[in-house]
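Each chain gets a letter, A, B and C, in the order it is written, and its residues are counted from 1.
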Amino acid sequence: MPTYFFFPDILLYLLDMIGVIACAIAGTLLAQHKGFDISGCILVSMANAIGGGTFRDMALDRHPLFWMTDLNYVIVITLTSLALQMFFHLYHKIDRALRLFDAIGLAAFSVIGFKVALAQGSSAIIAVMMGVWTAIIGGMIRDVICNEIPLVLQREIYITASVFGACLYLLLIKMGVRTGVSEFAMLVSIFAVRMLALRFDWHLPSIRLVK
Amino acid sequence: MPTYFFFPDILLYLLDMIGVIACAIAGTLLAQHKGFDISGCILVSMANAIGGGTFRDMALDRHPLFWMTDLNYVIVITLTSLALQMFFHLYHKIDRALRLFDAIGLAAFSVIGFKVALAQGSSAIIAVMMGVWTAIIGGMIRDVICNEIPLVLQREIYITASVFGACLYLLLIKMGVRTGVSEFAMLVSIFAVRMLALRFDWHLPSIRLVK
Amino acid sequence: MPTYFFFPDILLYLLDMIGVIACAIAGTLLAQHKGFDISGCILVSMANAIGGGTFRDMALDRHPLFWMTDLNYVIVITLTSLALQMFFHLYHKIDRALRLFDAIGLAAFSVIGFKVALAQGSSAIIAVMMGVWTAIIGGMIRDVICNEIPLVLQREIYITASVFGACLYLLLIKMGVRTGVSEFAMLVSIFAVRMLALRFDWHLPSIRLVK
């Protein structure tokens, strides 16, 4: 199991797994849409679910990679992808749940990436980046493999929510709040920003000072 | 030279090089089709031939990377790509040979990736994944660079053949068969499954229990 | 700060930063063209500017990555991308400067990648590859994320200029020239080849001995 130091480990781990399931579902759906076969769908699911954390661990020289010591990741992804491929006709029943799961995953992945980087001795700015990367690189790899323009870069408040939560964490720590509480606030705030963005159709604009 | 422990090293090394040549040819063909220049074709060839092993070595924290200590890889890829670019008009004469080479490469890359992971102390499930990755990530990178949807994920029995061979290996080991023999069986079975899939136009279906 | 051993460090560092700015601008322009939001543009800029060096450092097992210890990279990229997004209407005034900056970046990135590999004990052929990778992989990742076929592989003299400069360096060293002078010659020659290629519209042909 990855080393999550300050927070109720088991809760964060469960939220992490919910995020992994959301990624596995999203990966399988897009892969099926592209006509990939059974193992192709599983592979895209894995890229989506563990791609971000893999890249983070490689960048931080953190070995073995998190999914090599905790086989639950690979098992959960494979079973989720197979189940979805078999019961695809039930998909519309989970459509709304998927968005919720996805937002949970965004929050959990961001917190984990951020904490891992701090635990490795990274500076705050690098830790914020690692939180973002953990949360979005998996989805980018999925889209790149499937020859799509990455969703996370264009349509929705993903990166912004992750950065917002990390900044809130740093602010709280600076104010003397305990790490466990700050982490919880980071987690909840990322989730809330993402859900509000979905609910009210928020988009980050392009900025131009004049036309 | 990479450390292949149990098997007649020299044979596996030769099969590996045949696979590298097949990858270099496939990479150059697609790159030429896309209008890349001489060095662009060589670069795509390299991505195709050593991309999978590079990613495996990085994931397993295995340094220096296999092609950094054995320059034969880089030299063989460069010469193959240059030769193909110069004598492209002879390509139709090697079209059939390429499929054979490609299947040999799939088998050799899978066995090598699988063995390397075991030698690094990985669990069986991770070793199976590393065999698959070594065999297919190069082709995926080639297709992604060239803006194509990865062939290995959709059309043909690639991943399945690799997983099948690895499972056969694990079964044989469990039955007490010597590692050298088990490796040979893994190699031959992957090659056989791939060639049979080509010969009889096998495809892995999408699975759906109901429409 | 990365360890550049033999050369007037500060000059190379400045040229490096000019290249980083050029990459950040090119990344932001393409990302805006694709309709990415503010943070999406920044992320593509980062991929473009530090992607090549990140991959080089990972391949050479050189940790922490160069931009983790010198935060100037991340800061310069972010500010450049934000400034360009705000003052996009002034872009046509820097169009010509961008080509110049880009050529400076190609030269600086190549020299740095080449030197870093030599300093890590790589052989000459690997060092040449690392120079090329440092210079072009960032642009390739940018194009892949944005679903474009990588420019550096098709249209222009990028790889060739980098390889030419590295070969010149190796030749000069063999002739007994001091490393500082050889590095300067490598830097200038890459820049010159690239600018001449732009000026006279040079392209590397596809090679075919017969039609």
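The rule is short, and it goes like this: contacts are C-beta pairs under 8 Å (C-beta built on N, C-alpha and C of every residue); 3 or more make two chains touch, one makes a residue touch a chain.
What you see is a predicted model, and the numbers here were worked out from it, not measured in a lab.
After Cα superposition, the angle needed to carry chain A onto chain C is 120 degrees, rounded to a multiple of 5.
Under half of the residue numbers at the chain A-chain B interface are used by both copies of the sequence. The distance from the centre of chain A to the centre of chain B, with each centre set as the mean of the Cα atoms, comes to 30 Å. Across the assembly, chain B contributes residues 58, 61, 144, 147 that each touch 2 or more other chains.
Residues 31-32, 34-41, 43-44, 54, 58, 61, 63-65, 68, 71, 74-75, 82, 85-89, 144-147 of chain C are the ones touching chain A in the complex. Of all residues in chain A, those touching chain C in their complex are 58-61, 122-123, 125-126, 129, 132, 136, 140, 144, 147-150, 152-154, 159-160, 163, 203-211.
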